[in-house]
Amino acid sequence: MIRKVRKNNQLREITIKKDFISHPEGSVLVAFGDTKVICNATVTEGVPPFLRDSGKGWVTAEYAMLPRATHTRNQRESKRGKPDGRSQEISRLIGRSLRAAVDFGKIGEYTVTVDCDVIQADGGTRTAAITGGYCAMHLAFQWMIKEGMIKENPITGAVSAVSVGIVMGEPMLDLEYEEDSMADVDMNLVVKNCADIVEIQGSAEKATFSRELLNKMLDLGFDGIKKLTEAQKKVTG
Amino acid sequence: MIRKVRKNNQLREITIKKDFISHPEGSVLVAFGDTKVICNATVTEGVPPFLRDSGKGWVTAEYAMLPRATHTRNQRESKRGKPDGRSQEISRLIGRSLRAAVDFGKIGEYTVTVDCDVIQADGGTRTAAITGGYCAMHLAFQWMIKEGMIKENPITGAVSAVSVGIVMGEPMLDLEYEEDSMADVDMNLVVKNCADIVEIQGSAEKATFSRELLNKMLDLGFDGIKKLTEAQKKVTG
Amino acid sequence: MIRKVRKNNQLREITIKKDFISHPEGSVLVAFGDTKVICNATVTEGVPPFLRDSGKGWVTAEYAMLPRATHTRNQRESKRGKPDGRSQEISRLIGRSLRAAVDFGKIGEYTVTVDCDVIQADGGTRTAAITGGYCAMHLAFQWMIKEGMIKENPITGAVSAVSVGIVMGEPMLDLEYEEDSMADVDMNLVVKNCADIVEIQGSAEKATFSRELLNKMLDLGFDGIKKLTEAQKKVTG
Amino acid sequence: MIRKVRKNNQLREITIKKDFISHPEGSVLVAFGDTKVICNATVTEGVPPFLRDSGKGWVTAEYAMLPRATHTRNQRESKRGKPDGRSQEISRLIGRSLRAAVDFGKIGEYTVTVDCDVIQADGGTRTAAITGGYCAMHLAFQWMIKEGMIKENPITGAVSAVSVGIVMGEPMLDLEYEEDSMADVDMNLVVKNCADIVEIQGSAEKATFSRELLNKMLDLGFDGIKKLTEAQKKVTG
Amino acid sequence: MIRKVRKNNQLREITIKKDFISHPEGSVLVAFGDTKVICNATVTEGVPPFLRDSGKGWVTAEYAMLPRATHTRNQRESKRGKPDGRSQEISRLIGRSLRAAVDFGKIGEYTVTVDCDVIQADGGTRTAAITGGYCAMHLAFQWMIKEGMIKENPITGAVSAVSVGIVMGEPMLDLEYEEDSMADVDMNLVVKNCADIVEIQGSAEKATFSRELLNKMLDLGFDGIKKLTEAQKKVTG
Amino acid sequence: MIRKVRKNNQLREITIKKDFISHPEGSVLVAFGDTKVICNATVTEGVPPFLRDSGKGWVTAEYAMLPRATHTRNQRESKRGKPDGRSQEISRLIGRSLRAAVDFGKIGEYTVTVDCDVIQADGGTRTAAITGGYCAMHLAFQWMIKEGMIKENPITGAVSAVSVGIVMGEPMLDLEYEEDSMADVDMNLVVKNCADIVEIQGSAEKATFSRELLNKMLDLGFDGIKKLTEAQKKVTG
């Protein structure tokens, strides 16, 4: 048994703090244990070129880490000259995940940009970002209703995300950094309405995995998603 | 029935042409139907900093498209100033996939760089690149043996990749560009030894998918992988 | 009288929260009213080239804003391709200010990098960053002593910073964003030991200012510095 | 006598394969011996700012190499952050050369972009690119006629290019890589209608050359141009 | 006594050569002793976005150094990929300083760009650039009047700049490079109409300074400003 | 007859002013009529990687223009983010030309960097830069002898450059900007010792040219080179 405090099918302590930053239209601080991410949603008029004059809106996301969110300091992306491949990949994943929750025909030509800035990292930053980013986006839609910009909430279902891994042969939910470092397989699962898969990304750097093991990981993941969806509801109402 | 010529569980015509370019240590031209990718493997002394003095080698990959590989022309990445997020993401996927096939303790501190340049794109460029890139890498290891740089082939199993999608409700193997554009769900599957999952990436922009549908897509994918592995064997011996 | 709640010679509410982020060697969250800055100090071995083999250490700083720290969203610097001139200028100012507080002969060839990331901006972000950055740096030196890396604290005096402006003819301490927008003159004052000027930067975009007015602003500034130094002491001991 | 198989005034085997890539409006694979270049011509509406509302069209070119087109691997330009000086210089040369063949008053405000991507390099990549690029451009104009976009072919004469060098004192036509490395003088000649000079670029890094030698090189070059023009005609009709 | 030829309150020899470059609307070569800066003012139609349709104009400045303006060669900014922080900071200072001299309501929607290129540096390059840049801008306004673009000169007062430092305890005007290297405190003073402060930037890397010393430096600086204003008048009339 | 003052075979007034900038090891201001270029040669220890431990030295060049060297202002290269293709091409040409004048076995592992910065442009900036750059380099070698770094001057012959064009059918020497704009053909000729061709670059954007015309242009060019070599001797001794 590797884990001492939590069970293998147990999430870390999940907190989602509403209105963390005052300026954004939607803002939360989400924590998955010691992983902490500021999620800010910004509403702007207009949409990307491919949607102009479609009457439809758009959601996009950007993910980044503060230099010292990690054990050792990372160079700032703005200093490196070129954006970091890992950050871009996660930004795209968050964007796709959040878009799965929205009926774009209901928001007109507005864009919601969800910034997910990791201030402290301990594994699972992308799943925390999706889970918190969903809340920030939801709050931004509530603000749009209040401002009279849209009539009804365009959310079609709650989207959240969790990681599952295989550590020393055991399937394990919501990996911390140290567990993640030891994991043979790492899978991220994005689910809508506790039932429908939005995205599944399973990757094996150290060992491959069978379909049987894949199914065990999916069982664990769906369990975690239920708890996350409850935590989201407390914030979004 | 959307497909007219192929069946839903049928691959396109697969060809892997050996020694396509003369300079690289390993080189193939892989075609999945009209998708054509030049895969060149380069052997260089030395490894990235995190492996120095470990006695172990490394495999890395770079994926790119010629500007007119697609229906309309794309701006060159070198002109854009910044590398394209999609290309970087695929490069990382190819690298992880190929590394799953290698016992790095057997190649000493050498790096094999596998360049996958798409010259004609018709869907499935990343799966073709992994399938062909594996062959180019294998040929490069054969060259290393011939040159006396290593004693035995470090390959631990054949790695290939295929896409599966849901198009108008039907699960479908190895999507062409036009099918891919209509797909609700798009999944890429990387498998080793026809049995073990190396990477699974399923993504739903237009519709979510159930676990049942996931299983059907996996069935189709594993069927395709078998055929691809046979095609690879003709090249690698 | 423009200000309603505060007096012209009064600071906003100042809080400095210790150990805000867990990984850095020194970390605080500093707030000047609604302006909030995470200040993280990182200790690394080695110094810049011009100091190598001098036996002396170095302190450097980097300042940045989260995209939605402000009323409207700013594009990320990493997306712009080139670093922002304003951010670089402030980073250099913070670095110079903090170095004025340190006897580098006492820390050996270590570098302390102080990251100041503004999560919420309401005027005075650079002065908050210097005041909080000093605390983060101080805590990092305490950590170095505890770890046995240095013998005594190299701090030679407390350094803090405050802004003073002329708004509608009246000198005013510690400007909020709205006041800053109306100001004819904006001055930032960095002071050591409540008495000695480290840096003075006064700038008049809308109106010039006489030496008499400069002196009035200095009087206000020195008053504010005293209060800030007291707030720092509670954190640094 | 350095050359064993070819004579000094003999070209390598020249092949120009039509319709090599399926998407572009014009496409060839040109080979000068082991030098192989994919030339793709793309037709787009609109012209650069300096030609807007002139009623005239434009031709531009971009030249690049695959990383492993050469004996050792070159870093990708997109990774270097800045475009390579040599590639830019050759791109400009190809553009100027191709424009010399076109009556822009006859194509309206269309731009033809000719991408020349070297997949295998063995000397003379720029001359192969011009010679093949001319064919790709010609095919694109034929496509425009077929599509009813223009009425007559705007080509005013065939443009091709060849290199001539001085190797160990002997003038030599169409240098391979190894010959080029030994050459004292390297000259590239672009000629229209087998008679008129479009561009002459002669450069002596190791030894200077007299006007007499220049004339001998020109004689050789014009001989080669005749053969290249014949090869082009088989493709363009 | 450190200075041998000049007194502590004495400027270096100041020369401002009119019409140094022929193309710009205003051009001078300014010399503060061995520091030489080419200042060219360019008039263009249009203003930055935040001023469009305001009826008001704008002044902006760019500062740079030739690579060998200094004792040792600096890498070109265009080669570094990213602009240099110090150059950007000085460009912003020059822009703010020159704008303080102009009534923008009088020039319509024109932008004057003042390029200050240091060809030889010996301390005080930013103060020379402001002093000379003012003249170039003034000449450009005279040209606009002559061309009938504006009716009256929009200048509201002469702006010039000078440095003052503390070297070995002594306040000293207009520091040369060698003096600057030894200085404990370095202050730049930008003044309008010999009386009103536009910008004050005092910085102490090696030692802090008291308010008393600040006042002594201001006395010296204002003396120097008078002489500079006289030199400017000879050029601007 | 287009030219009124000069004859078609006449150079503009050529002046080469020695020691224009004080810091460089060699410095001249070269003027070809109204074209003015500052040429500064910098000597540094060490050579590029491909020459290390060869005992041989290197010469390299960088060419750039001040933003307002031209009739209208050009954006600074450092602002564009990427270096300008034309500047890079000319930098490479100058480097090759100057290297043709040097016996690298005689200077040990030193690099001479020749910066050619155009402060005023009126056609022929690259030929002026080569002609002046040769002088700056020669002066730097004289400085190296004086400093005891090398024993004898490594110059093997004087290198200069001139442009020749075809304007309205007439061959014409040393084109001014206005003539250059009207030219059908533009050729740059770099010659060593008044007799040997180092580089020939002839380009026809508007009209092609026959071998006969090429010979006439060469006659004119060699005449001009003689005069330039005389002007160089007055500076280099």
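Order of writing sets the chain letters: A, B, C, D, E and F. Residues in each chain are counted from 1.
Going forward, a residue touches a chain if its C-beta (ideal position, glycine included) is under 8 Å from a C-beta of that chain, and two chains touch if they have at least 3 such contacts.
Note that this is a predicted model, so its numbers are computed, not measured.
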{"item": "Contact-graph distance - origin chain A, target chain D", "value": "2"}
{"item": "Any chain in contact with chain D as well as chain E", "value": "F"}
{"item": "Pair from A-B, C-E or A-C with over half of its contact pairs in common with E-F", "value": "A-C"}
{"item": "Same or different residue numbers at the chain B/chain D copy interface, by half rule", "value": "same"}
{"item": "Rounded Å distance between chain C and chain F, as computed from the means of their C-alpha atoms", "value": "50"}
{"item": "Inter-chain centre distance, chain D versus chain F - centres from mean C-alpha coordinates, in Å", "value": "28"}
{"item": "In chain A, residues with contacts to at least two other chains", "value": "81-83"}
{"item": "Traversal of the chain ring from chain A via chain C", "value": "A, C, E, F, D, B"}
{"item": "Parts of chain C lying in touch with chain A, wherever the complex brings them together", "value": "21-24, 27, 34, 38, 40, 42, 44, 62, 64, 66-73, 76-81, 83-84, 87, 113, 115, 117, 119-120"}
{"item": "Chain F partner contacts - residues on chain D that touch it in the complex", "value": "82-83, 85-86, 88-89, 91-92, 96, 99-100, 187, 192, 195-205, 208-211, 214, 218"}
